[in-house]
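The same subunit A turns up in both complexes below, where it pairs with subunit B and then with subunit C.
Presenting the complex of A and B:
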């Protein structure tokens, strides 16, 4: 995989991992202000990183395909289990 | 419902074939305390949890377990995909190979497939958790 693509994908993985952990924490601490703020902040960064990734390297979800394309990119490889880091 | 993302929750690095290691790690995929068993338990028990918070929590944890399942499957897949038959035999995976070739399958370390028979899913879960 292209090193820039890999770096951006790792950044997305880090952000989403953080978001998942904050999500689980907030499930049992729904009024914890610091976690609420951090969750919103991480999610915003994640959305931006995913948008950047999808424009350059293809969709992470089926609906993440760039609008106006004339080709269905979704099923093109490699799939996640075919990439090692 | 669920939406699939084309990425692992956590990156996987496998430097080469190692069916012996795969035979041990595979229990975390299809063994009694593996990710598949965990996700099925959480995602099934959630329907009858007594509070909204507990329903939400089990939904979110069960969903994450599905992502863990994919991480473990990716490790096992890469450990056996290019393994020579001699290595597969030496690792004691020859029976597994006869049934599943170099695919990933939900078994424990001894090749016993996932069995849901004893999952403690209850309509009144607090009895079990007490």
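Presenting the complex of A and C:
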């Protein structure tokens, strides 16, 4: 896999993990302002990273299909088992 | 009835008491570090080394 694609994918994994961990924290601390601020920031970075990735390398999930295409891009690789980190 | 208790615990520990301290929000790790360590909260980092089992571990 192209190293840029791999790096961006790793960045998305890192941001997703951070968002989930903050999600869990906020479940028990729903009024913790600093966690809320950080969640918003991470979430925004994640959305942007996913958008950037999908524009360059294709959908990360089936719902990432770009509208109006005449090909179902989701079936294109690489699949998770085709990668090594 | 006298109940025999394990000597592996500190003295005066009552049965059936459990507690979980409430976590506070402190510094968090970067997303890069967080994914590597399994948590973004430094106070929750618990590396797992199967070879060194704790004193309470049972089994052979």
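Following the convention adopted for this analysis, the second predicted complex is superposed on the first by the 85 of 85 C-alpha atoms of A that agree within 3 Å, B and C clash if a C-alpha of one lies under 4 Å from a C-alpha of the other, contacts with A are read in each partner's own complex, and residues count from 1 in each chain.
Here, a residue touches a chain if its C-beta (ideal position, glycine included) is under 8 Å from a C-beta of that chain, and two chains touch if they have at least 3 such contacts.
No experiment lies behind these values; they were computed from the predicted model shown.
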item: First (subunit B), second (subunit C), both or neither touched by A:9; value: first
item: Subunit B versus subunit C as contact partner of A:17, first or second or both or neither; value: both
item: Partner chain in contact with A:27 - subunit B first, subunit C second, else both or neither; value: first
item: First (subunit B), second (subunit C), both or neither touched by A:71; value: neither
item: Partner chain in contact with A:35 - subunit B first, subunit C second, else both or neither; value: second
item: Subunit B versus subunit C as contact partner of A:60, first or second or both or neither; value: first
item: Subunit C versus subunit B, contacts on subunit A by residue; value: B
item: Touching partner for A:80 - first (subunit B), second (subunit C), both, neither; value: first
item: Touching both subunit C and subunit B, counted on subunit A across the two superposed complexes; value: 13, 17, 28
item: Residue numbers on subunit B that touch subunit A, as the complex places them; value: 3-14, 53, 56-57, 60-61, 64, 67, 70, 73-74, 77-78
item: Interfacial residue positions of subunit A with respect to subunit C in the complex; value: 11, 13-15, 17-18, 21-22, 25, 28-29, 32, 34-35, 38, 42
item: Complex contacts: residues of subunit A adjacent to subunit B; value: 9-10, 12-13, 16-17, 20, 23-24, 27-28, 30, 59-62, 79-81, 84-85
item: Residues of subunit C that touch subunit A when the two form their complex; value: 23, 25, 28, 31-32, 34-35, 39-41
